[in-house]
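I've put the structures underneath this note.
Both complexes below contain subunit A, partnered by subunit B and then by subunit C.
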Partner chain A sequence: MNRKTAVWLLIPAFFGVLVFTFFPLIEIAIPTFQSQAGFFSLYTQFLKSSYNWTVIGRTFLIAVLTVIIVLILGLPISLWIGRQKKTVRQVLNLLILFPMLTNAVVRNFAWIIILGRDGIINKLLLSLHLIKAPLNILYTNTSIIIGSVYLFLPIMINTLIGSVAELNVEIEEAAAVLGSSPWHTLFKVIIPQLATSILTGCILVFAGTMTAYTTPQILGGNRHLVMATLIYQQAMTLGNWQNASVIALILIVISALSMWLMKRLSYRLDRRMTNA
Partner chain B sequence: MLNRKNKTLTIISLIILALIMLPLVLVVITSFNNQSSISLPITGFTLSWYSNIFQQPDFITGFESSLLVALIASFLALIIGIPAVYALTRYNLQHAAWFQSFFLSSTLIPEIVIGFALYQTAVITFKMPVFISLIIGHFLLCLPYVIRLITASMLMMDSHIEEASWVCGCSPKKAFFLIVLPNIKSSIIAAFMMCFINSFNNIPISLFMNGPSLTMLPPAILNYLQNNYDPTVSAISVVLMVFTALMMFLVEKVIGISNITK
Partner chain C sequence: MANLEVKNLAKSYDGKTKVLQDISFTIENGELVSILGPSGCGKTTTLRIIAGLIQETAGQILVNGKDITKTPVYKRNFGMVFQSYALFPHLSVFDNVAFGLKMHKLSKQEINEKVSGILEMTGLSDLASQFPAQLSGGQQQRVSLARALVTNPEMLLMDEPLSNLDAKLRLKMREEIRKLQQEMKMTVLFVTHDQQECFAISDKVLIMNQGRIEQFDRPENIFHHPRTEYVARFIGYDNFIPVNADNRQDSYHIAVKGTRLTTEENNENAKVLTIRPENIQLNADSTENTLTGTITGREYLGQSFKYTIHSELGDFQVEEARQKMRSSGDEVKLTLRAKHLHPLSE
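Let's turn to the complex of A and B:
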């Protein structure tokens, strides 16, 4: 076949991505290295501030805790949904997909109703006389984590269901016959078989939470900034474009690095699986 | 046994499922409340918050521009993405895998960074119109979905069918439109739906280019939520949920919803 045609077919997509993804990135990256004080001076300056470390630390903490909670909640329900009869599974699938395809603003807003000062949790606890004054749950790290878990749980479930459905139940029956308790079977038989999908899900959730803007904006408020909201604040509220670019590049490096590490891990797991 | 009949597993799963659905149900309930701030339990029933949506010009124009941008960006992603996938899967090109990951590379870059970089470069430096820049941003968001979904179905499709049509005297161009496209029809629809939904719901990319000249719906709702706390937000949320449900229903009827999230 004609190679020239192939090249023509590739050109629009290639230049589209090159010109509109990579060129702007380079455009914002160059000025951050052009400080008079030295090549990396803007970065060292940024990393000297303890406030910025708080933001980076918070971003990490929220992402790590979200991944752990999403996994703990997502695994049992995926096991359960993945093993339903086909028709039931399809209905449950729709129930999981619906929040996933609903606007993130809506999903985060729902948690304001629940966690706010006049929210359901506070009203419930007050009426039960468990607390005397409403708790401040909204606009804390906790509320950001709750919102992120809610946002990303369907993605984890969706990633796991497929491979749960492919599991061979006979292997678990064999384990049970040989005297393995359900708990033991879960950790020694089921989870190892799902390892690759679990890691894929974790990568998606981790990267998503690290870089999410909407949830920390709605549920974190101005005092609990993460890197994504800090970029927006620096650029649009404070007009400090250079600083925003510095954070943007640090965010790219951190999220790409963590994704690369997790991918390597899943690759090694994959090889272990096929060799076994 | 941890199968669907396991009682503990069933109870845990039902609780988690309830936790997934409950917040959205609460939004629906609060949208009918007759009080001026969002609260539960509701004290009366009214539809006035729904009519209040139409009093908000940002919501109306936001809906229109979000719809328009999502449609154009999705079409653009298909028109540019499908030929690229065709070239990568049908011509034995060197570095095909490299191109593949190059096209998917924008998924590695945080959306907020794409939005910020594009705003600074296209809108500020090169003075491009906001609308065009928005479409470009959303196109970048959509392209990976097209590449992934169409590549999967191109690899599934038997290339001999296409070759047979060439032997029978069909030109490659004609074969592409008459043989290849109809064969990957369902994944084209799937890709379009994924593009459309994600573009329509997107915030981080729209955020920077959202302004007095052009309002997008999700940032408009975010903005409203930060300045007011009345059930209008619940009402517009319900409208968006109905919109999502309608689209899911359409996809389910046309191709089966399980096809779009793989």
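Let's turn to the complex of A and C:
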């Protein structure tokens, strides 16, 4: 079979994507430009509100902080698991992914129990006399970030383990013989080799956090809306579907733009490592 | 460059199995010493302990008389070439070579000068901005060598550096390495499992087996005077005649199953006599150490024929350079010249 005939085999998939992804998006997009006040009027109206900017800023901040924390926690864990024997590595990887088999709502309610005023953390800190009054952790940006980190850490670890396992240990030994201390080797030899996987993990976590609905809804409450929960509020509470669509499209554009930037960076890194 | 002294090195991972025991040897300044042995004999472990990549269980390593046993790997100032070359995939050829110099905190100008110098010496100047993935195996090998040499290390450690190259390139690289080593008067420890390679380039060869040193000597001495049966087998002595105290007549004469054999070397502790296949003569005009046998197998080797000959002292492997092949079943006279017949005590 040559390339030309092979292309025909893609037709079913092409229509699948067209019908189930592209058309719904168009369906959402069209009404947002049909306001009587003008083509972009719904967008300018939305962006004029400082409250909406707060939500966009919060969404972005939570996503960025989540990515950073997930990376800082995930990298050492991945380095450790990735260096184990294959069988051990597979078992540990399975354990890491295990929480993802549980429903997201259930997992978030677990965090309410842990982070609440009468939660485990506050009880522990009070009993140790480290604090005098219970801390307000739940229904803040902090609780959303904690929930998101917990949610997406397995994805980062799972993305990195494979690349860590494929690292040639002799390269690190070569660095050591040339006079590189273990820390220097970590930052100048190991992490650069993992750069593309790290970026892939960051893109997945970033996109996931930007668009996550359940976690900010349950752990953020009504006072800490992010874009996803704002969409829900506009559509389901206020019945303003047009506005909900506007926010959805802005969210898509921001996510797509961020991912495109990271992808470009990853492509540049990748080109050096593989035979060009 | 420096001299290296290894004293009573031992290694065990579990306290019971001895990966290395009682390894002691000295490499003089400017010498190229090879460690030769089959895989699992401990040769790479020895090299890695000297580099500081593995911790020894016991023993001492001295460079120029200074004990470096407790010095961490990144403070030892050795150069090392790995079997996989282990180039940094994210750095260009230039930056790969510059890596060690940056560790030594040299100025930018000094780094530029030194890297350019060594790249020119190894014929890599045109490739300076390339990345390792874009290079051939031979080029990667050169970069790895340049990277190891540019820091002016105390000595160069090479772990099977040629085994990933094809046969032709391997010959060329080993000549280059030897030439470079002699020009720069480098002290080199070279690990290999290839006997020919190791004999071709080494000042001295250390043959290892099961974590012990079998023999440490100049290549020609090992070739002509293997110390143990293991070494003899490893370097191509195919014929072994077991002897015991009852066979011995005096220090130079042994009688085995009615055949009287003379040796030039003292055979007092001999447990076995050995001779190379090409040193047995067929139907020679001599009465020195002769026995008769029948050809039971034959093989064409190109420049010579190889025969399996059955005799009263067992089967012999004999290589003979001759125009015409002998026939199977032929009865022949074997001559085992005394100067080639070596008594081995182990």
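Quick note on the criterion: the second predicted complex is superposed on the first by the 260 of 276 C-alpha atoms of A that agree within 3 Å, B and C clash if a C-alpha of one lies under 4 Å from a C-alpha of the other, contacts with A are read in each partner's own complex, and residues count from 1 in each chain.
By our rule, contacts are C-beta pairs under 8 Å (C-beta built on N, C-alpha and C of every residue); 3 or more make two chains touch, one makes a residue touch a chain.
Not measured: the values here are computed from a predicted model.
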Inquiry  = According to the stated criteria, A:3 is in contact with first (subunit B), second (subunit C), both, or neither; which is it?
reply    = first
Task = Considering only the touch criterion stated at the top, classify A:103 as touching first (subunit B), second (subunit C), both, or neither.
result = first
Task = Considering only the touch criterion stated at the top, classify A:80 as touching first (subunit B), second (subunit C), both, or neither.
result = first
Message = Just checking: does A:192 make contact with subunit B only, subunit C only, both, or neither of them? Give me first, second, both or neither.
response = second
Task = Could you tell me if A:181 is touching subunit B, subunit C, both of them or neither one (first, second, both, neither)?
result = second
Query = After superposition on the shared chain, which partner residues are touched by A:250: those of subunit B (first), subunit C (second), both, or neither?
reply = neither
Request  = Spot which of subunit B and subunit C makes contact with more residues of subunit A, would you?
outcome  = B
Message = Applying the document's definition of touch, where does A:173 land relative to subunit B and subunit C: first, second, both, or neither?
response = both
Request  = For A:262, decide between first (touching subunit B), second (touching subunit C), both and neither.
outcome  = neither
Remark   = Intersected contact list for subunit A, partners subunit B and subunit C 173, 176, 182
Message = Quick check: in the complex, which residue numbers of subunit A touch subunit B?
response = 1, 3, 5-7, 9-10, 12-14, 16-17, 20-21, 23-25, 27-28, 73, 76-77, 79-81, 83-84, 90, 92-107, 109-114, 118, 120, 123, 150, 153-154, 158, 162, 169, 172-173, 176, 182, 185-186, 190, 210-211, 213-214, 217-218, 228, 231-232, 235-236, 241, 244-245, 248, 251-252, 255-256, 259
Request  = Please give the residue numbers of subunit B that touch subunit A in the complex, ascending.
outcome  = 1-4, 6, 9-10, 12-13, 16-17, 20-21, 23-24, 26-27, 30, 37-40, 80-81, 83-84, 86-88, 90-91, 93, 99, 102-103, 105-106, 108-114, 116-118, 120-122, 125, 136-137, 139-140, 143, 147, 172, 197, 201, 203-204, 207-208, 218, 221-222, 225, 233-234, 237, 240-241, 244-245, 247-248, 252, 257-258, 261-262
Remark   = The subunit A residues in contact with subunit C across the complex are 168, 170-171, 173-182, 184, 189, 192-193, 195, 269, 272-276
Ask   = In the complex of these two chains, what residues of subunit C are touching subunit A?
value = 51-53, 73-80, 82-84, 86-90, 99-100, 103-104, 131, 133-134, 144, 147-148, 151, 157
